[in-house]
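Shared chain: chain A. Partners: chain B in the first complex, chain C in the second.
Showing the complex of A and B:
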């Protein structure tokens, strides 16, 4: 069948600059560039290009430009390029269209419609360079009150504190599994987590033995595939996360194709090498909330109540009620993953059409738990599409205790969001387990980049807090008074619990 | 009117203000007249702008020592009828009378002030399975939230709040405060910065016998308010100060936390300091800060807080508002400005400036000023 698909991008080469050094050929994992020995030139197969920009960055002569293909279908507001291309591709392959990373469609971005407050006259802003501003956060269950024993001037604490995770900045690294990512990436992230005083979530693919020594900065995940889960694994981390859903693909399981399941990945996941690693859509031992409760307590029993247990759900229509159930089922932390959250592989139709924005889900979950008087029994981590320190601050003001970041950390390492993670050919050496490509990502370099960017965000968070006259992050948590909306309807404002700018 | 606009508001609201605060307690419990406190607060006239002032006085109703004294402000007679119907249903009213006032040229358009001496009806108390204090808190919240044009200014025993729009010395005349004697007085002169003053927005704020006069602005108000609402408090006054009163009520009365530690909830030590504490103390402060993180008061404040037997002064942990204390014989003074104390007490024994987040407590039963060592110092960030 002759393909009717048009190349998405066109590779242009400035032959006056090109020295035929072949760096581009070496760097491209999709086989776009090739050497034409007859003409002694380098040529490109544009139809293979995904615009990852690897060759552009590495070309020593800046000879390459990637452009969007101007040969488009006739303009049509309704039948967009993507819809037409999708149908044509499906007509040729007969399969669901896969994609990577998060939803890229122009749904409203509520972060960008929320603005922060700052002090003027009546209240002095605080300068973070000169005065302490604290962003440490404890995640986990808190008792509702403190009981003290007072004996002739001696005060002692009667209340037992539940185990909590202490993060020096309210940002944790979200679950990204070994298999979707390679060991270099995992190592860079966990070392960055240690340096930044935060946690790295190892995802559903088990925890490599090389990383177990960093266990007190790792959250281990238990997902529907139960890959790599045994008693040692559960006890290896600082906390356990039960993954019910993922923002990028709510209601959908996972599928790591057999060709990616190398000996090493197979060992960590505890499956035979070369077999498909399938995560079912549901946990087959959780068909309802009471089953979740059993799993939460099974994990707590297994770890002797020494570790907080978190439950991650995708942000869906009735998240508020679900979150309330999860809190009552005994979870210590609830993670809500918005529809902008990323994935290594998901059917595009799911990624782009299922789930709701994290801003609205977060606001309604926080409000609901408060109305039920159980907000302090759990911590909330907002996840899925946190792009900047401003998003972090706005999430906390809406009611989150902390946020998870995934994409942002990968971008810091090199990711350009070309959305081809599912191919396993990530030219930046991130979303690949091919050892030849994976070694492109230098773990020490990636670690440094992540630490730097986390430091920058921490500084920015402190600047924003100081401007609001707040010297500790706990006074921002749920402080919607510090937010104002622009361009939002009355109903949206009500759900977000914020006033309109000017009010 | 501002109040009406606010009332329709669906969301949190607060009013900014900067102010003068003053408090004095006779540690022997001897009652004294309005002369000194009024002179002291009028000395700080510059810090107010005549749009709000008020007083809380303890020990003023010795004849009704064990009944709840409600000071209620009515914007109209309809509100009065509704409140009185409500009170009759829920309380035995021992005495109901108008709070005596003096006509004044400078106090304009005053609402109606009434006071009631109340005992909760035992059967209703039983129905609600509450003790007297809890019952009174619920009723006050109900009146303030549900009955338009009525505000319970104070609800403690043997104490009362007098407040309104005007300079405090004019309000003292208006309320004929020279006829009262108390052993604690706290005073407030208000400088609201972005709204016209209105009667219920004046300080001190009160719940049961907790009264608070506050100079500052809480940037943490949204967090504090939502936390307190989760614990049954209703913030109806649209001003940040009321959360301080409710915070003390929750911590000290309901959760039985000593005042010294409650102050450490409002102005906690920095984590760096907590980390450096010896293990038992560290655990205690970590627990306080973790559990009551939403009651941390952020932004500039200095407050004087009173309840029976205690006068408390506290600043935020960066001390962005002034607070000084003075002692003479058996009297402890807490004030925004030293001049106000020296004005009425030229021969002070001692004048002290508490440091950031340090609490001052004047405690009746022990007849001495208690201080707990300060844990909160400025620390350098890494």
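Showing the complex of A and C:
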């Protein structure tokens, strides 16, 4: 049938500048540009354009401009372009609409309604240039009390300490699986994690053998599909994460289509090439908190209690009660992933309508664990849509020990948020396992970019801490006195546990 | 003996262990699973090749995290997640086993002289589980195969719903040696690899799976497993007579069942 869909973007080419060098044709993985031999010109099929800007950046003559199509459906506040386009598309395909990256809808962004405190007159700020400000922290179970043994003047620790992860900055790289990303990206991230003194989570698609040597800086993930999970894998990393849910698609399983399961991905996931890699929505051995405890301790037994075990859940309505259960089930770290969290592929209706903001979930989880007196038994990692160092600082003030970042690290490498990760054609060579396209991402270059932006965020975090007169990130954890709200209701302020600005 | 257990983690449990040559006998009464499993690891690391565990009352994770070859004989009822992540050892249980038996098992053998609970062989990638009697619900969920690894579960009796759900590889054989009709429902729901054989008729097959003809290769395979089954359980299994019965073969329609869901 004839498609009723309108192109989302229009490609404009300045023919006075275009030299027909064909770079744009080579760079576009969606087949937008083509050479018309009859006219000896390069032309574009705008309807294929996703506005990834690859051709724009690589055109040596700056001849290409991508514009939003002005031929929009008649302006309508209620029936938006997206709702009309979606229906027309579904009328043609009969399929659920897939998307990539995080929710892009105008729900409130609580980070932007929270402001930080600073010292004035009565309590001096600290200058991070002159004075040390510690942003190192430790993730894992902390003892409620310490017992010391004193033997003829020698003091030694009697308490057995639970294994902890040490991070030089409270930022870790979130789980992004092999299959969604390629080896170049994984290698860049893990090397950046080593350089920055933090950790890279390999996601649920197994761990490539080339990366096992970096195991001290890797968190291995165990999801419902148990891809690539064996004793060696569990012992290869510094910690193990049980993935229960993901902020971009709470309650939804994963599905790597068979077409994308190449020999290499099949090897890392330990499945036959060409078959669908399905992660069921639940772990079918976990239907309760007691079952979760069973898996947590199975993993601890498998690694002889040497590694912290983390449990990742999506931020949903009753996250606080679930988090309490997770803490009591023996997890060392709880990861809460907010609804802005990204994905390589999810049904758009789920991504944009399911889950709750990380700010509210984080505040309520921290509050609940404190009230129950078990906050020190677990660390909290906030995840899902952390965009800046300010978001990091606000998350920690709301009660997180550290944050996970995914999108931000990919943007540092080249991602332009075109949201087509699920096609596997990422023109920037990131969300693709096609070896020809993956070559575009130079691992060393991407590593350098990630290390640079992490360094920049670390400087900024220290600046903000110094301004507050706080010399250690751990002193900011859950320190909501340092936050004030603007434009929030009484109830929102109560859940966030912050006062209104001016109060 | 004390020499063998001369490590701080386990030395306090020496009164639970008798060691002779490369065999050990453990009295598990009063031992927490963490102590018992530490003991198993310590004994295995010191070259013990056969361990008998007596008076076991539901201790979990027996066989998890072990290296090298080891035979474990369990007298009593081991707890959940028996042989979770197990990689090559052999476990013989003279009694029933509970839930999660063979969870994400990579290699090895489990022989149960009794029944097992739910979720046996979840996400199992290799090795074999032989169950003399019945199994609970959700057996072999997301079992998968990889290269030379092909997990196998043989159940002597009957099993519950969701057999082989999301199954991605391997072989499940349900012999139903004592029962009349299968009551299991949703067999092979979401199945996208592997094969399930059922003696008699399976009525309630999931929509991603289909019933296929049993060919010579299948019969050969079933007969081999049946022989192995009768060897372990030393039962009056009349292989010839059972082989004369009708078997139902259940296989997936596709290795890629969900291609058209999203667009």
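By our rule, the second predicted complex is superposed on the first by the 498 of 503 C-alpha atoms of A that agree within 3 Å, B and C clash if a C-alpha of one lies under 4 Å from a C-alpha of the other, contacts with A are read in each partner's own complex, and residues count from 1 in each chain.
Everything that follows uses one rule, which is that a residue touches a chain if its C-beta (ideal position, glycine included) is under 8 Å from a C-beta of that chain, and two chains touch if they have at least 3 such contacts.
As the structure is a prediction and not an experimental result, all values here were calculated from the model.
**Student:** Could you check whether chain B and chain C clash or fit when both are placed on chain A?
**Tutor:** fit
**Student:** Scan A:121 for contacts with chain B and chain C and give back first, second, both or neither.
**Tutor:** Touch partner of A:121: chain B, not chain C.
**Student:** So, does A:303 touch the first partner chain B, the second partner chain C, both, or neither?
**Tutor:** So A:303 only meets chain C here.
**Student:** Go through the superposed model and pick first if A:263 touches only chain B, second if only chain C, both, or neither.
**Tutor:** After superposition on chain A, A:263 lies in contact with neither partner.
**Student:** If you stack the two complexes on chain A, which partner ends up touching A:161: first (chain B), second (chain C), both, or neither?
**Tutor:** first
**Student:** Which partner does A:370 reach: the first (chain B), the second (chain C), both, or neither?
**Tutor:** First partner only.
**Student:** Once both structures sit on chain A, report the angle chain B, chain A, chain C from C-alpha centres, rounded to the nearest 10 degrees.
**Tutor:** Once the two structures are overlaid, it is 100 degrees.
**Student:** If you take every C-alpha pair with one atom in chain B and one in chain C, what is the shortest distance in Å after superposing?
**Tutor:** So the smallest C-alpha to C-alpha spacing between these two chains is 19 Å.
**Student:** Quick check on the complex: what are the chain A residues that touch chain B?
**Tutor:** Of all residues in chain A, those touching chain B are 119, 121-124, 126, 128, 131-134, 136, 138, 142-148, 150, 155-157, 159, 161, 164, 370, 373, 375-376, 397, 468-472, 474-482, 494, 497-499, 503.
**Student:** What does chain C use to touch chain A in their complex?
**Tutor:** 33-34, 37-38, 41, 60-61, 64-65, 80-81, 84-85, 87, 99-100, 103-104, 106, 119, 122-123, 125, 138, 141-142, 144-146, 149, 165-166, 168-169, 190, 192-193, 255-263
**Student:** Quick check: in the complex, which residue numbers of chain A touch chain C?
**Tutor:** Touching chain C from chain A are residues 89, 93-98, 224-226, 229-231, 234, 255, 257-259, 266, 270-272, 274-276, 278, 280, 284-285, 294-295, 297-298, 301-305, 345, 347, 422.
**Student:** Note which residues of chain B are touching chain A in the complex, please.
**Tutor:** 9-12, 14, 16-18, 193-194, 216-217, 219-227, 229-231, 254-258, 261, 268, 270-272, 280, 283-284, 286-294, 296-300, 317-318, 320, 378-381
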